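Per-chain numbering from 1; labels A, B, C, D, E and F assigned in written order.
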Amino acid sequence: MRPSGRKLDELRPVSIEIDVMKHAEGSCLIRMGETHVLCSATVEDKPPPFLKNTGLGWVTAEYGMLPRATNSRTRREAAAGKQSGRTQEIQRLIGRALRAGVDRSALGERQIVIDCDVIQADGGTRCASITGGWVALRLAVNRLMKAGIIVSDPILDHVAAVSCGVYAGQPVLDLDYAEDSTAGTDGNFIMTGAGRLIEVQMSAEGATFSRAEMGRLLDLAEAGNTMLVAAQKAALG
Amino acid sequence: MRPSGRKLDELRPVSIEIDVMKHAEGSCLIRMGETHVLCSATVEDKPPPFLKNTGLGWVTAEYGMLPRATNSRTRREAAAGKQSGRTQEIQRLIGRALRAGVDRSALGERQIVIDCDVIQADGGTRCASITGGWVALRLAVNRLMKAGIIVSDPILDHVAAVSCGVYAGQPVLDLDYAEDSTAGTDGNFIMTGAGRLIEVQMSAEGATFSRAEMGRLLDLAEAGNTMLVAAQKAALG
Amino acid sequence: MRPSGRKLDELRPVSIEIDVMKHAEGSCLIRMGETHVLCSATVEDKPPPFLKNTGLGWVTAEYGMLPRATNSRTRREAAAGKQSGRTQEIQRLIGRALRAGVDRSALGERQIVIDCDVIQADGGTRCASITGGWVALRLAVNRLMKAGIIVSDPILDHVAAVSCGVYAGQPVLDLDYAEDSTAGTDGNFIMTGAGRLIEVQMSAEGATFSRAEMGRLLDLAEAGNTMLVAAQKAALG
Amino acid sequence: MRPSGRKLDELRPVSIEIDVMKHAEGSCLIRMGETHVLCSATVEDKPPPFLKNTGLGWVTAEYGMLPRATNSRTRREAAAGKQSGRTQEIQRLIGRALRAGVDRSALGERQIVIDCDVIQADGGTRCASITGGWVALRLAVNRLMKAGIIVSDPILDHVAAVSCGVYAGQPVLDLDYAEDSTAGTDGNFIMTGAGRLIEVQMSAEGATFSRAEMGRLLDLAEAGNTMLVAAQKAALG
Amino acid sequence: MRPSGRKLDELRPVSIEIDVMKHAEGSCLIRMGETHVLCSATVEDKPPPFLKNTGLGWVTAEYGMLPRATNSRTRREAAAGKQSGRTQEIQRLIGRALRAGVDRSALGERQIVIDCDVIQADGGTRCASITGGWVALRLAVNRLMKAGIIVSDPILDHVAAVSCGVYAGQPVLDLDYAEDSTAGTDGNFIMTGAGRLIEVQMSAEGATFSRAEMGRLLDLAEAGNTMLVAAQKAALG
Amino acid sequence: MRPSGRKLDELRPVSIEIDVMKHAEGSCLIRMGETHVLCSATVEDKPPPFLKNTGLGWVTAEYGMLPRATNSRTRREAAAGKQSGRTQEIQRLIGRALRAGVDRSALGERQIVIDCDVIQADGGTRCASITGGWVALRLAVNRLMKAGIIVSDPILDHVAAVSCGVYAGQPVLDLDYAEDSTAGTDGNFIMTGAGRLIEVQMSAEGATFSRAEMGRLLDLAEAGNTMLVAAQKAALG
């Protein structure tokens, strides 16, 4: 029934390749089927100005998309002179999600910037950015700890994200572009490794929904995120 | 227990005053306690370019805040030269929410722009904008129908929104600023008059949450939105 | 003869409601007929950089207009990405006018920002902004003096403004939009409570003018400003 | 008494050199003492969009200043990414002033753009731009008439401008920078060749003023503008 | 003597992997040692406006760099709100170089946009972009010809580019970052498959140079470009 | 054969008038035929931030063009809100060229900004800017040395620039606009007084070129730059 032939509760093939960028403190290339996102973590010695002298650190994210990551070319935001509302919304979400898994006091007065650049898009780029961004963050923190710069691990738990939606009347896991562009209801679910919720964003793109439908999507999301956390663990060895 | 002395499931005093702007096709001033938002609807003869020759209309929204709507002055976005990510995120949300309650085919090839300008802010400005914006939209559509420009009512149902969150360990309805700024979990719930969900946005600002907690917030939101829909009806007479 | 039926030397009904904004140090809503402007004063502890260590303070102003304050919707400047030349010209004028009534040495090294936001426009918004902005300024200074932060009153005199013009061949006071849009000559006159001139801006919109005509407009403006100063006094009690 | 040793009612040496730019339809270099402005007129076949099919033409102006026209270097506006409020205010004034001397119906559906670029600044650049800009406009219109493109002369009269102010307690004509930067009251006076007023802008920079003082400045301005119109005539031969 | 241990006339290992982007009409990932650039070609049905009704086509290029392609993180240009002068200079160069190898009349009224995004930077990104960009262009044109949209091949010859410079007193081929950042003289050489010159840009970064030195760098560049053209051929099969 | 009737190796008439701007530390107006560029040098007490505490100074350049310097009016970059890619490329080139002739250690921790504003354009504006910009720089440095602020002369040699190209099949020196707009190959050659090369930029605008052609253009450029250096010397007395 799904365009890809997947089962209702089947993720796309997940692949997370780590240490793909020579210069970054942490990096990975995450592939969710045909959606490919390059994630890097940069450690900065100083926190943002509003955290000076608070003892707290910060994790923030930026999101971009290569112009031809999409089916028809998207105008380059640098040439347009600004980031779109969509881009800003996504990068605020990624940053918020990752911070929910970090003890900012243990991180100390520094900032980690997660860059998520979509090399190829086929739906679910924001979720892939969160799942991959967390791996880059984990690698950068490992390096800080190995170097003795941070003593106590500031990472509280895994953070992973998956989308679910109602496609052709059925709740399905991990929408690809063909599904996403026609789904009635659609949601992004961000969870910890322990299964706690970090962020739920459900939206009636074409049809309003009931609490019961919401429950079924949450069921799918819980299963999906469990598999994604396992993929993160496998990638990190 | 709440800073305002309200009960856990008590809305702030709601007031919706209609026809407050001489020039707009529809307008209202909505007050949720000390949060005041001026909402206006502008009818434009043409739809946005991407809908030309589709027979479909569009509803969009813009959001702004007077510099001194807030406790300390916020820099004017026009002077800063761009709308913040937060502003863009909010106005995208308002437009999406209102469109979910509109039959765009019955609306026909025209656009209605909803402007939501926060005159005074005390938490919950995006929800008040949606609830008030819907009233402005309803009034503008009434005018189009009275003038015979639209024959079949494009408005499918009421749209209202309320925030809920976990404050001091308790689920509470309709957060004001004092609560919002310290809430652990926090969500916006947009619903129709019939009680269907349009958008759910829950976020772990300080603490992750369980499905059970999510359920309790949804219970509160359903009750709150029922009261807001009643207030919309009362305001429209 | 005037579209509104007013006499040649008759102001529109003036109303100045004070303390309308919960958060501001001073605020008022001024209504000149159907022109409504919300004015607020924000006290900042520091002067602008160019006044550091001079012992002098500063008063500045920003001006905005809600998109649907006007008959047809005006594009939001924040969305356009810049303030128009007209907006900048007006806010420079408001700031200059208010500074002319202030002893910046008595004010000390701080800045007061006057925000004038037009809620509804029917001509004469810049003059209403000055007259109302002064009230907001006065209230903010009262608060500073009451708190003992300023000892000697830095406000030298009232500042009020009114427009006059030649409409249908006759000099008239306080142009509304219907008059303003067809007036031949048109001017803004800013004066102190003592009747001294602060700024005179006369412009031949459609017809050049003589010194005699200029004199007649000044006569009207003097009478009008006297009434506006009385309205300021009444509003402040 | 004046820093330059000039008499109270004495203009700086005026020089207007015409046809200084190879490519422009009309051009001049105007020198008011050490203030030098290069003015050019460009004829465009089409009017601005808002005048399409009205039979009316338009005259507009743009103003700029070389970075080192001033005593200390001013940041290049192109590098800053926008024109300052001051620049916009000045170019709006120049355009408005020149249009007051033009029969836009006789001009027909075309636009003339006047560029005024300050090569060297010593006070009074906006007035010099108007006086020189008019000469460039006159030359461009002459060319249009000579080519038979325009039949009836759209130029109604000369337009010239001069500043006056109260310096060291005395009303003086044609302020240079040394005077302008310390003047109490200060005004720009734009007039036609016949002595009618086009625009009067007086401002209490440091001291409010009376109608009597205003009158004395107007007397000076009338005399000054008469001399400037004579200089325009001499330059045009 | 070279930091990498390469011989003076030795290129870095070159790898060109084609068809790496699912959506693009042509694409490749070019690796010159640790410099990796993703190149895609997008075919647009319409030429840029200035070529309408000329029968001629256009090839243009855009260049970008992931923030963490570099050793320390570079600010994202989309966030900065504009492309840097360096970026614009490079993308103008790439477009100019590729157009020199195209018969724009045979291409017809369409545009091919080459996007070159640096995934990892280690010197020589603009040369790699040209060499890889040409491969993406070739693939997109192949597709147009296969589909019968273009009949006569518009590609006149290969285009490849390499940098050479004087490092530690010796002329060396294909500078990497360690060499580039300390090179005295430095140049980019763009050539056709037949060995004709398209663009030569030599610059005295630290030391001026003689014609003889220029000749020695040209000798190296000719050899290097011959190898790069061979690599292009090998990649295309 | 050349549109101007010049011989193949003949420069346009060169004129360099010094000290033309009252406020600048150094200035000249350079005329290469109908191309006129006003060059000024501004000395700033502080180096750019990246050179703080290095003991090194900096020379930078900005380039602009009056809107009607060109045959048809060019949009004002300040009004467009940004400098074009062409402008940025040119000003980067000017700065790089002039720095190649300066001992930045002898200059010390200060910055000299060279502004090159094209008053009239007829081809070759970037070369004229370099040749004239060097004169402005020389004059500003002379003043610093005379004032004892700099002891050892930081200027190593003259810097001059000229364009050459293949026009109608013949190598010609110092292209004017008529030649430049149709030239097949085209280059800019920047040299020192001693005849060393600083920058060579050759581009196949319409036709690729051989090393032999490149050599012939270099011959012309060497002769041309020798004459330009002589003109610089003559202008400086």
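Just so we're on the same page, a residue touches a chain if its C-beta (ideal position, glycine included) is under 8 Å from a C-beta of that chain, and two chains touch if they have at least 3 such contacts.
Here the structure is a predicted model, which means the values were calculated and not measured.
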Spell out the chains that contact chain B while also contacting chain D. C
Going only through chains that touch each other, how many steps at minimum separate chain A from chain E? 1
Suppose you hop from chain A to any chain it touches, then on again the same way; how many hops at least until you reach chain F? 2
What's the distance between the Cα centroids of chain A and chain B, rounded to whole Å? 28
Interchain centroid distance [CA atoms averaged], chain B/chain E, Å: 51
Touching at least two other chains at once: which residues of chain C meet that condition? 81-83
From chain B round to chain C and on, the chains in turn are B, C, D, F, E, A
Residue ranges of chain E in contact with chain A within the complex: 21-24, 27, 34, 38, 40, 42, 44, 62, 64, 66-73, 76-83, 87, 113, 115, 117, 119-120, 122
Going by the contact rule set out above, which residues of chain C touch chain D in the complex? 82-83, 85-86, 88-89, 91-92, 96, 100, 187, 192, 196-204, 208-211, 214, 218
